[in-house]
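Both complexes below contain subunit A, partnered by subunit B and then by subunit C.
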Partner chain A sequence: MNDSVSLLHFTIAVPIIAAFATLWAGKLGRPAVQIVSITGFAIPTILALVAWIAYSPEVAGGYDFVTRHNTGLESVGISLHLGLNGISLPLFVMSAVVGLAAGLYAAQSKAENLSRYLFCLLIMQGGLMGVFASIDVFFFYFFHELALIPTFVMVGVWGGRDRGYAAMKMTIYLTLGAMISLAGLIALYVKSGANSFDLITLKAHLAAAPLSETVSHYAFGLLLFGFGILVSLWPLHTWAPLGYGAAPSSAAMLHAGVLKKFGLYGLIQIAVPLIPGGVGQWENWIVWLALGNVVVVGLITMAQRDLKQMLGYSSVMHMGYAFLGIAAMSVLGVGGAVLMMVAHGLTVALLFMLSTMIHHRTQTFEMEEMGGLSKKAPVLSAFFVCAMMASIGLPGPGLANFWGEFGIFVSIWEYKPWVLFVAATGIIISAVYGLRSISRVFFGNESEDFLEVQKENSVTDMTWAERVPALILLVLLFFIGLFPKTVTSSLNEALESEPVYAKAEAGE
Partner chain B sequence: MKPELFAYALLAFPLISAVSIAFGMRRNGALASGVSVGAAALLLATALHIIFRLDTFEFSVNWLQVGPLSIDFGFLVDDLAKLMLFVVAFVGFLVHVFSLGYMKDDPNKARFFGGLSIFMFSMIGLVMASSLVTLFIFWELVGFSSYMLIGFYLDKPSASAAANKAFIANRVGDFGFLVGIAMAFWIFGTVNLSEMREMVVSGEVVIASIGAATGLGLLLFCGTVGKSGQIPLHVWLPDAMEGPTPVSALIHAATMVAAGVFLLCRTGFLMTADALQVILWVGVATAIFAGLTAIAQRDIKKILAYSTVSQLGYMVAAFALGSLAALAANPADAAGAVITGGVAAAMFHLTTHAFFKALLFLGSGSIIHACHHEQDIFKMGGLAKKMPITFVCFSLGLMALIGTPFISAGFYSKDAILALAYEQNTAAFYLLVFGAFLTTFYMIRLWKITFFGKANSENADHAKENGLVITVPLILLAALSVVGGFAFIYPQALMPIIEAGEHIAHGEHHTTIALFGGGAWAIGLVLAFVIYAAGAKEDRFKKMTGRLYGLLEKKFFFDEVYGFYIAKIQQRFASALNLIEQIALSGLIIRGAAGVAGLVGIGLKALHVGSLHQYVYWFIAGLAIFWAFAGGF
Partner chain C sequence: MPTETLKSLGDIAATNSWGAIYPELILGCLALALLALEVILPKFAHGAIPRISILGQVLLLGYIIIFDPAGCCNGIAFGGMIELSGTSQALRIFFLLASIFVSYLAMVSFENKTLARVEYFAITLVVTGALSIMAMSNHFVMLFVALETATVGFYILVSYFRQNTLSLEAGLKYLIMGALSSAILLFGIVLLYGAASNPAMAGSSLDSMNFQNLRVFLEANPTDTLSILGMLLVISGVAFKIGAFPFQIWIPDVYQGAPVSTTAFLAVSSKAAGFAVLLTLTKVFSPLSDWLLPLLSGIAALTILFGNFAALTQRNLKRMIGLSGVSHAGFLLVGVVAVQTVPEATNWVLFYLFAYLLGSMAVFCVLAHLPKEWDADLSLDDLGDLAKKNGFLGIALAIGIGSLAGIPPLAGFIGKFLIFVAAFKAELYVLLGVGIVGVVISIYYYFGVIKAAFFEVWSFTDEDEKSDAPAVLPGQSLTALGRLAIVFAVGGSIVLGFFQGPLGSWLSGQ
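What follows is the complex of A and B.
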């Protein structure tokens, strides 16, 4: 292992340094803040794209850009061990790009104390990059916490309606979820006897001496429900719509788009490979709760009147598919889940951003009080239609989303056909709420409330400052949809090299 | 040049047109329409090259590979695809030209032509798709373009509602289609259509021996039920008439709605006899039901829409009957025999229908345009003299639709269907003959009321014949409506299917079929002539039938039942779940369901929730302590 400096270090360090620089630039005025913070978002994005292109691991399916540094914690088996494999790479790129879009949008927002707002966002970004770049489980967890704290602060300080309550609830739930999963990770650490938090070492140890059935049952249970809370597994999801409803848009973009994937990523990269028996022991739980996400939360989404709440619920709903992909325990199911996580991250970030743009024009999130917005803002409506269609998995704008969902669906049929019949109703449910929201917000005639608003504020179409971040997200979404192999070839290799996923194929 | 380059070009023209309109010509309607029509012209020329100059070919590149799932992007240009390509490119081009006149004064012309281009792109992709998955992708995309164009008049709430209805009804069908693809993948290990077919033909996969094989056929058929407006998902198609009339002609009459029939032809080798029986009866029921409903409609486009639904029922029934015949004739080699059976009859009717129904819609568009957007036939009347070209063309299309013996395209393609039914299923035969009677009856009603007598409204009184861009497409389509039933007019490349179709019509029971078909035609014609007065102001048939008419007028209450389900059951159920959810949100269940959450919550509150900043300090402090311990200080 070399201990040189790699580009991964920069992707983590640059946003964090930029965060403090932004605070300092606050004294120099708004333009300085914008330049510093956008640089802090842009550099990791460029580096992540470079990593995406340059990725070529020595062993197929292995890690690339590997570095290891001493931390002074070797006695407990912790070292700063960074690297990317086929599973983390697409999520790493996605989080960089969503971060850039959120940063660009935030930098020109009218938030009070802009420099502090961007400080929080940049810290969050640094944490996110760290989560997906960590091979060491301790740092994986540490970076998650690093990203989580600014989220609470942002919701509590810059949030909208009910921000105090939302922030408190989010904090309780997410801290609880994080603590339960931490307990699970520590259990793994202790019971494996590896005396290391290093994922690769842990894996080798556990492959040689698997956990006993009882231990794996409890350890996986802790991880499943701990991560489950973080990913908003039904019925532990109630923090999500409330939190997103209140969160300022850039925080919602980064959290719903990227940070929330932490739990799924933890299950796919850590929990399932380390505890191969766990999914089997908990599969009924996973399947039934995931179907709850798709069907129950899907129906609840249909009943929402508040645009942002609706988006929050719809994002909870889509997490159900990812859990089902994991339950299928195959390269295809998990590969589909990762693809969906990437596509969903881009889409939901775009939708949250667009919903805030809508709010600026209508002064409300109540869909009943909007209507006819496409007359004044045709470009905004085109973006929203694209994003919503992507979210409901329509190939075209949502080709990437479709690949993910389709992979999951096909893998579920092999797993249990009846589950597919229930899960696939999601494509109808999501079409119902998606199209309803489009027609309520953009089509038909303006509601009286909206006409009232228009008397005082002139409604304009999307400005270029608004279009650029939206385009960044859409372009990547289109790109991955059209050229899915840029993601799936390395993803496939990584999953095939993971015995627990490849086993299903070999067993045929 | 490699053949696939032409196929790529075929996709590229409309795509480039759509993208350039979206990004650069939103405010320049004239330029946008020119670009779009130009793309349609290039597309037609390239399509003709592919059809006539190139052999059938297959091409694929790997698109995606995850685990065992390998998906190719590719083209499958065989006889079936060539015929469909011809229909789409030809009718598509004529509709583009027609739209130049029809949409001339619309302020949102650019969006309209952009939408048409997206549609052409998607439809061409669908026709040439080489695998079930790529077919599904373009299938969803035509659905999306249809959604966009139905909702074209954005400020009309009814248009937006109709667009949503179309999309959602299609998604219900696609639910089955998608599950069917997943099932097919695990049976065949591939989603490539010709590989799958090869496996069936070579006996590597024996359809009849697969458990639930009938289910596979029916799941895929769900897609057809949605897209081709079969009962019970037909409700969206009449509402789709909210879109501009050229859209109705191209998408909702000639091409997209026929894609369901195309899908059946593509996947015919997967069908078991049981599945075909179900498909047959869905088709027959749709044909009769829609024919009955058309009798009681007043809106010219709604009448034509129900007529389309009814004719799609014929095509679906034709596919089932022909495939059943092939299965009966040669159970061992059913997959190989399908081209002579179901595909031929269904595609023959699809082709002639595309010509005459596009003509009828464009004709009605010409009328609506001339009558200042009046669509009620009882407010028209006397248009024959005012719009002679439209009148003649419309009449020729109408003659084809009702199957006027010998001199119309529809006569031969309908005869082929009746001939198959006569051999396969007597009950279906009589019902389809009855359907032919209905067709004649409702079309003559429309014809007599619209074109003869006196004008019944000021709009109709001021109607004038339209210009050349509108009438020339009508004339071309009218010519094809007359001669489109004769196989000899088709170029060699399109022959195999058409000839097989015509061959069925000229089978051994030729005279009997012609007698029944001609009889239904004559009775319908005479009855309608007797009952309806020229240029009538009101429906005399309504007084004669009373309640029965009410049932037809209300379209057998499908919309009411669905409306009740959506508003009273589905939405209430969703609201009830939401209520429970909101109670949970407001905190009553937080502590109940997750008891731990409550306890920990209280603990956490005491620690840091009072001030969020404190949490940060705790985090840093905890970290420092942890570090200190671990480092051994």
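What follows is the complex of A and C.
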């Protein structure tokens, strides 16, 4: 362990410093705010891409860029221990890229008090980078909360319809989820006897002396439901569509795209490897609730008339697949889940951004009142079709999503074939609502309401300021879809080094 | 006989190490000096007296922190009357820090009022000294004398706004409840004294009010009914001080009516002193832990739930802060219960107290700067548009409230986190569950404050906002000193959330 400074420190510190610089730049005017904030988003992205290329751990599947600092809680077993492994690396890169896109989009938006808005977004970005870079479980949680608090503020202050209620509901739900998962993490800390929150130490301790059956049962239960609330596991998902419906687009992009993956990441990286017995004890719960996400929420998604609500529900629905991948407990299933998390993060962020662009042009989120937008905005419609195809998981633009879901489905087939039959209906469901939304919004005749809107303000196609963030997301999506090996080789190494995931593979 | 008595008195006097309590002595002298200055200084210079008081305290605090951070003379002194330890040293600094904030708050809130002023600052200093001695007392006589010194001082401080009926009502309530609790405490002490000095009992002692002697006796007689009853009454008396259920009944009215500086004083210092005593007494009563721990655990759970549920519907700011303080007392009680099985948790309780001090003081400083003739009437509506009218105060309020709510990355979160770790180590799962429920409930009302101060502002309709703007903007009385105080509280809350280094190692280094 060394005390030196690695590039991970910069990925966390730069957005936070830039956040305060942005506040200060607010006095200098809009261009200064834009320059400072975009720098704050771009530097971590560049560093994350460098980390992606340079990643070469000493041990296969191990951590790279490891540093460790004492912040004063060493006596409790807490230190700022940073590093990346094959599981966190793709998510780390994804969060940097989504952050850049969200930041670029926010910087050109017409939000009131732009500098404060970007302040919140930058703090959130710093927290997100910290979440995936932390080896210390305490800081993993800490950075999550750091990223979560600005979300509430952004929903409450800059949100749309029902923002007060949505912010309150999100705050209470997510605090409950966070507190329950915190209790689970403390349970691990105390019951392992490691007297450390360090993931590596904890892992070594628990490998030598696993938790007893009762302890692992309740500790995993706490983590499952705590994280479950944060990932919007059915039926604890009701905050999500409401919150995303009300959230300003950049906040929704970062939350739905990245922050929500915290819970799944926690399960994959922490809960399952540390408590290998837990999944077995809770597997029926996981499978049934995850199917609830896929089927029940899927059907609710189909019934949505509001574009943004529909996206909110669809993001809840897709989390079900990730839970199923985890339940399968194999390298393929969990790897598929991670790949899907990355792909879904990029896709859903893109969709939320595009839906706001659509709103600017049609002045509504009601899909009934739209139609024929492709005539006025062909580029926008092309982007949206790509993103929606990806979200459905069709091979083609959404290869990345496709690989993820494919891996999950294959692993479910090996795990419990009947689950696959139920889960596969989700593909049909998402195809139905996805394609229907495309046809409603972009094709067909222009609706009367839309014609009304056009009289008052001319509808233009995407500007370059809008195209750049969308392109960034789409390019990475294509890249991962075409070259999944760039993600999966290190991911597989990391997962195979976890006995709990590799065991299932070896047993066959 | 007389020679013998004289000799024993001489022996006791030989342990009188006045140097050990120099900070308290200096506080007392400073109080007298303030009173003298009022006579000496010409009338127009009276405004300087509060500043002199603050300056004196800051110098004293600086001296202690720089030259004597660990306490110069730890150990038992004054014939067993007091015991100085790392904990009492930490609390001494705590009380001094709180007292500086209280003096500042008083300075602000007396600005436009015709009142005798100097006495308030002098009494504040005396009470601070008394609380500090209370935290180091090792003998029931010392404890009671210190407690009464502080309580009598508080009678005056609570009803200081004598033109305001709410303040007078609060004073009366505090007087009656305070006297009642002192009586209960005293009765408990007497029972313990009687039981423990009974020569027929094993382990009895002539000086049975001394904590070490009492502990020896309780170890020998862990099932003595009289002692258990005495213990119950003593704990009840202390529970009144910390505002624990079911002795929290006075809190909302008194906190609302008292001047904001006194509210802060009660909420922070008085509560912390109660916990200091509780930490000492639980060690003394540990032979009775079969009774004590279930009792304290039950109180802790009910206190958390009561505080949070009662605060949910409050719109009056000071009542709300008071009731949220009740729930903080509950969390601290969880820590105290955990200390019995996890000794290192003492430092975590102290950390929580420091975090609570900084968060509370940030909030109280903001309240003191809101334009309202009587701060007892402050309600959530008075926060409307605060963030827009005075961004500095708005952010200070948000961070203070956030720290109280235990939101990372602020100090309050680390405090709560450490308490939870302690509770888990001590296997207090029910209390932990109650704590989590409490945190989630508390988010609701803390969020209400943030919402009132922020969310109604940056909305889309701000058209007719100018027409009904109040004549006085919040924060007009904010001076450089005030900014410094707020920056200290807010900055401390943030820094302790990210980097606990100095405070953490200082607390655990002792």
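One rule holds in what follows: the second predicted complex is superposed on the first by the 508 of 508 C-alpha atoms of A that agree within 3 Å, B and C clash if a C-alpha of one lies under 4 Å from a C-alpha of the other, contacts with A are read in each partner's own complex, and residues count from 1 in each chain.
Following the convention adopted for this analysis, contacts are C-beta pairs under 8 Å (C-beta built on N, C-alpha and C of every residue); 3 or more make two chains touch, one makes a residue touch a chain.
Computed from a prediction, not measured in an experiment: that's the story for all the values here.
Colleague: Quick one: is A:L182 in contact with subunit B, with subunit C, with both, or with neither? Answer first, second, both or neither.
Modeller: A:L182: touches subunit C, not subunit B.
Colleague: Determine, under the contact definition given at the top, whether A:V296 touches first (subunit B), second (subunit C), both, or neither.
Modeller: first
Colleague: Once the structures are superposed on A, label A:V190 by its partner contacts, choosing first (subunit B), second (subunit C), both or neither.
Modeller: A:V190 contacts subunit C only, not subunit B.
Colleague: Should A:I149 be classified as contacting the first partner (subunit B), the second (subunit C), both, or neither?
Modeller: After superposition on chain A, A:I149 lies in contact with both partners, subunit B and subunit C.
Colleague: Under the stated touch criterion, which partner chain does A:L491 make contact with: subunit B (first), subunit C (second), both, or neither?
Modeller: A:L491 sits against subunit B, while subunit C stays out of touch.
Colleague: Look at A:W24 in the shared chain and tell me whether it touches subunit B only, subunit C only, both, or neither; answer first, second, both or neither.
Modeller: After superposing on A, A:W24 lies clear of both subunit B and subunit C.
Colleague: Tell me which partner A:P417 touches in the superposition: subunit B (first), subunit C (second), both or neither.
Modeller: Only subunit B is touched by A:P417; subunit C is not.
Colleague: Using the touch definition from the top, say if A:V157 reaches subunit B (first), subunit C (second), both or neither.
Modeller: Both partners.
Colleague: Have a look and say if subunit B or subunit C is in touch with more residues of subunit A.
Modeller: Of subunit B and subunit C, more residues of subunit A lie in contact with B.
Colleague: Have a look at where A:V76 lands relative to subunit B and subunit C in the superposition and call it first, second, both or neither.
Modeller: After superposition on chain A, A:V76 lies in contact with both partners, subunit B and subunit C.
Colleague: Go through subunit A and flag every residue that touches subunit B in one model and subunit C in the other.
Modeller: On subunit A, the residues that contact subunit B in one structure and subunit C in the other are 72-73, 75-76, 142, 145, 149, 152-153, 156-157, 167-168, 171-172, 175-176, 179.
Colleague: List the residues on subunit C that touch subunit A in their complex, please.
Modeller: Answer in residue numbers: 344, 402, 407-409, 413-414, 417-418, 420-421, 424-425, 432, 436, 439-440, 443-444, 447, 450-451, 454-455, 457-458, 498-505, 508.
Colleague: Would you mind writing out the residues of subunit A in touch with subunit B in their complex?
Modeller: So the residues of subunit A touching subunit B come out as 72-73, 75-76, 78, 142, 145, 149, 152-153, 156-157, 167-169, 171-173, 175-176, 179, 235-236, 238, 241-242, 296, 299-300, 302-304, 330-332, 335-336, 339, 372, 374-375, 378, 382, 389, 394-396, 399, 402-403, 406-407, 409-414, 417, 420-421, 424-425, 427-428, 431-432, 435-436, 439, 442-445, 484-485, 488-489, 491-492, 495-496, 505.
Colleague: Taking the complex as given, what residues does subunit B use to touch subunit A?
Modeller: For subunit B paired with subunit A, touching residues are 22, 26, 62-69, 133, 136-137, 140-141, 144, 147, 151, 154-157, 159-161, 163-164, 167-168, 171-172, 174-175, 178-179, 181-183, 185-186, 570-571, 573-575, 577-578, 581, 584-585, 590, 593-594, 596-597, 600-601, 604-605, 608-609, 612-613, 615-616, 619, 623, 627, 630-632.
Colleague: Which of the residues in subunit A come into contact with subunit C in the complex?
Modeller: That would be residues 70-73, 75-76, 112-113, 116, 138, 141-142, 145-146, 149, 152-153, 156-158, 163-164, 167-168, 171-172, 175-176, 179-180, 182-183, 186-187, 189-190 of subunit A.
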